[in-house]
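For clarity, chains are labelled A, B, C and D in written order, and residue numbers in each chain start from 1.
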Amino acid sequence: MNALVAISDLVVDFRTRQGPVRALDGASLAVREGEKVGLVGESGSGKSTLAMALGRLLPPNAEWGSGELMVAGVSVRDLEGAALRRLRSHTLGYVFQDPIGTLDPTMRVARQLAAVMEAGAGAADVSSLLADVGLQDHHRIARSYPHELSGGMAQRVSIAMALAANPKLIVADEPTASLDASIRGQILDLLVSLCAAHGTALVLLSHDLRAIAHCCDRVAVMYGGRTVEVGATAEVFAEPVHPYTEALLRAAPGQERLGGRIEPIPGLPPILTGRAEGCAFEPRCRHRIDACALARPESSEIAARQVICHRAEERRPAAP
Amino acid sequence: MTGSVVELRSVDVHFASGPLWARRRVHAAREVSLGVAAGETLGLVGESGSGKTTTGKVCLGLIRPTTGDVVFDGHPFDYRRRARRGALAAVLQHPQWSLNPRLHVGTSVAEPLVIAGIGGREETRRQTGEMLERVGLQPVLAKRYPHELSGGQRQRVAIARALITHPKFVVFDEAVSALDVSVQAQILNLIRELQAEAGFAALFISHDLAAVRYVADRIVVMYAGEVVESATAETLYGRGRHPYTRGLQAASDLIEDEDARLADASEEIASEGCPLTPRCPIATDLCRTTHPALRPLGDTLVACHHPEGRAGQS
Amino acid sequence: MTQPPRRYLRLPFGNDRLSLVATIVLVLLVLAGLLAPLLPIGDPEAIGAGPRLSPPTGDFPLGTDNLGRPMLARIFEGILLTFVVSTIAVLIASVVGAILGMIAAYTHRALDETVSRIADMLFSFPPVLLGLLVTAILSPGIHSAVAAIVLITLPAMVRVVRAATLDIARRDFVIVAEVAGASFGRRLFLHLLPNTAGVVAVQTAYSISLGMLIESALSFLGLGVQPPSASLGSLLREGALYLDIAPWLAFGPGALLAAAILSVNLFGDGLRAIVDPLEARPLR
Amino acid sequence: MSTVARYALVRIASACLTLFGVAVLIFGAIHALPGSFEDVLVPQAPQELRDQIAARYGLDRPLVEQFGMWLGRAIQGDLGVSLITQQPVAAEFARRLPVTVEIAGLATAIALLVGVPLGVLSGLTGHRRLVPATSRLVGGFAMSVPDFVVGAVLLYVFSRYSLWFTIGEWTPLADDPIANLRGALLPAFALSLLGIGLVLATARHATISVLGQDFIMAAVARGKRPGTVVRQHVLRNAGIPVITIVAIYSGYLLGGTIIVEMLFSVPGIGRYLIFGVLNRDYTVVQAGVMLAATFFILLNTLADALYAALDPRLAGSQGR
């Protein structure tokens, strides 16, 4: 399988009134064709910036620094005009957090769907597309306005729109965060099964570790604008190498036993204004050593994962 | 339920909703009964529109029930504000709106004391500082404005303000939902510690079963304004009895459960019979016609005709 | 790590220079009106101080009117009158409107319905027409100009404050204060009022510009300020009579009126940008 | 009954209610305050003559009864007789109405034709610093210069160098359309300036806020051309607030024509009304204000109907 996405040492800053804020501080990630990759991180970790950078959709106050971002063999950074639109319309498909807000409130669903399909697509094509995303009642839904749909139905419509042009990669940014808990599972399942059926790669952004564990082959954990641990999902979650991954797993409620305690990570996530000179997680880390604050850790390969930590070698998991 | 600090007895809440030309009557709560004892945390879980926030507001006296009774500390709820100053408190959802943006943090924390008329100026300042320290903040933050604080810090301040009068009853409505995972855990542990220390009765409302299960002793599950299951936290670490509870569990644990796949139906709430029928994986004709009553099953109360799942139907 | 650059001086409108310039112009205009009696520009009401209908000269920088009064002095008197009349009227409307709007939004629903309905009714009179009606009833003069401006700007203020109050009243900190047992007055004055003040200020600024427009329109029609006092509108009315032979009489007050209203509007824009910042996101 | 039908019914009922309230307000204001009918007709007459006149006009009856009679006649199209000229008021208004409607219509058309394109364009290019400043200045200038100032300037310039336009002569449209336009364009332009400013500012603000919505970002992420996004999504959504402002502006026009008709000696309703006010001809004032308010309420109701067509969320069940 070929690399569909290749990101290496990508740096992105945002200009703000209070000066520059660094969103990506040397992020690296590769996605192969048809692969499902999870991107985990808290708000401010840079995962949304990374996702938007894939389609060159960053807001105007963003500044691309050093590093490379290749999608399907072309450098996204230099794309302009028709080539950029082609990347967005044919190579990539986006699914966003608020499904009702991403649909035009003044247009019926059928018209919005027809607009993203090939010219000449008729009502039958719209119906079959809706049926594909599990909407049985497609006549009624095609005639509906977005506000008349439930969040779950609207997200199915958005997924249909993202898949309409048969893209190579779907980028889903917290696709279930605004939905009711009881239907999150089915929306994720739908997304994963459709991607599998079309051979489409998936980049799934979430702060919900369980969702990532459920859906993705590989996971990239982000902190302070860097991908601090990248590896096979099951292995990373079973035996995390990076202390942040470990701490994150312990902090999420749900996996503890009755009467057990979850262990919060002390302190707050960092806001970087420039290149981090040490490890960004150092102030909150239980395993920190003197070197962590002084030297910037580089990526190393440990047990088939990429880990950015000074102590990665000593934390190597026991061989299976 | 004896010894309850707050008790709802068969509370119904109706209100008119929508514009004049599409006015509907909405049943926000139907026959809701629950009680919270001192030192106990009752979890209330359900998705948007389930009536959990309405129930919380009834407990706080912000909404008067259409029918049914609210009992506070053994007496019918006294809706005159003087009667309950300092006895009730709330921590709500939005960190960006939890504090008045025009007031110093310290002023906001001290406000319940000032309203209740407890202590002089010096005493108030001392208690504000102490309270900030107890929620893990530096007392110097009292001189800051809310916009200078992070979301997690603002929720800590909101908790400090809620507890400063030593209330008997505190409602936490989606108090951690807007926070990041690592900060969420800090606040959940803080709530647990403070309750063990201060012994107030707490109602913890959330759509996140995992968070509710972590802080609560007992859990009430609501759907479409009704209580569908009431169980101990211990029970819900295992398998829930109501299909809706199992749907929530499947979502939070992402487990495969044939009886837990709730549909995303277009008309979500049935007008007759069990309200979950259109979405329920194990619904039968009985469910479509007859409304299930809340009945005991072991140490659990459940409103379902088939609490044992598909296997139990045979 | 690099620190963001520090700003040592903060101007009221930050980097919004247009609003800053407008504010300075506004202050200068009002100062000119206030200090006019001390300046060596003549007495605005001295009939025959110079030749009649004189074009601008060294002695009379803006010429003289049909009674030989110096136009510069009359314009300075006029700008002050126009500004003061509309500001007083709008301040009355703002106070009444803010109180009505807040109470309507935060008390009983029936009161809210009543207040909103009356505001809607007042709003359904075209502004100048409402001014005409008021002067028709009260007889022309400053008092009816003030009444007209109050009635015209009040409904918009009520609407704006009501909407802002509804928005703030559902916020967490207001609900929490109510749970803690805060009195109605406390919630109103400590929590709602300070958080709607920005909106009131913006609306007041825009209302003042509308008020100046109304006052000068009524005076232009001869229904506002009566001689011998002069506002910019009444000066323009006189000027329009001599447009063929002495156009400078009309252009001075006209230009100044436009400048004053523009300054108030730009000042309002600056205020709005502070209260309700709207970031532009371009298409690419 | 469908929601749409019920929505229409409620709108119409509320318009009628507002109209009735306005009628009460006007009638009450004119009759309750000092300066009565007799004072206007026969200022220094002896008491018997005053009583006679009062009886003739029904002024000796209770106020409620007078109001009822007036309203009853007004609904049948009888607006009374002018106190000064003794001519029926309704006929006078009917004769002058087309002139005022023409000028107001022309002014609205100019405001939309100039304001909408400029506003949308400046909203779309809002990130360049010069554009917002220029559009603020142009829009602010248009909104700030009172129409009688513009009118005076136009009057001065064109009475000196006539340049095709005519001033002070009015040819009815039916007689000679070209000659009519030569007289109507200048007053219409003077009136339209405020409209241009209002429409420009509103269109700009609406465009900017629509551009910030998620569905625009989603459309861009689908690789749509900027022109397509503007045509399909921006214009439709930004049109809603523009309609509101045009409805408010046309209300202003009803008063604005008074001044411009005076200045340019146009024989419309405004001039008739101002003479009514100056002579305290209460029947004329009462009828004129009532007519204008009716027209304004009608316009607002129409605008509401238009939004409901453009924005399905309004007529529907008001979201979830």
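Just so it is clear, contacts are C-beta pairs under 8 Å (C-beta built on N, C-alpha and C of every residue); 3 or more make two chains touch, one makes a residue touch a chain.
Worth saying up front: this structure is predicted, and the values here are computed from it rather than measured.
On a Cα centroid basis, the chain most remote from chain B in this structure is D.
Summarising the inter-chain contacts, the pair of chains with the most C-beta pairs in contact is C-D. Averaged Cα coordinates give chain A a centre that lies 51 Å from the centre of chain C.
One finds 22 Å separating the Cα centroids of chain C and chain D.
The distance from the centre of chain B to the centre of chain C, with each centre set as the mean of the Cα atoms, comes to 49 Å. For chain C, residues touching at least two other chains, in rising order: 281-282, 284. Across the assembly, chain B contributes no residue in contact with two or more other chains. For chain D, residues that reach two or more other chains under the stated contact definition are 127, 217, 220, 316-317. Listed in rising order, the residues of chain B touching chain A in the complex are 47-48, 150, 152, 180-186, 188-189, 207-211, 213-214, 233-234, 237, 244, 247-248, 250-254, 261-262, 264, 266, 268, 279.
In the complex of the two chains, the chain D residues touching chain A come out as 127, 213-215, 217-225, 232-233, 236-237, 310-313, 316-317, 319-320.
Contact residues on chain C toward chain D in their complex (touch as defined above): 18, 117-118, 120-121, 124-133, 135-139, 209, 213, 216-217, 220-223, 233, 236, 239-240, 243-244, 247, 250-251, 254-255, 257-258, 261-262, 264-266, 269, 278-284. Residues 55, 57, 60, 84-90, 92-94, 96, 98, 101-107, 115-116, 145, 147-148, 150, 158, 161, 165 of chain A touch chain D in their complex.
Interface residues of chain A, counted against chain B in their complex, comprise 42-43, 137, 140-141, 150, 152-153, 156, 180-186, 207, 209-211, 213-214, 247-248, 251-254, 256-258, 261-266, 268-269.
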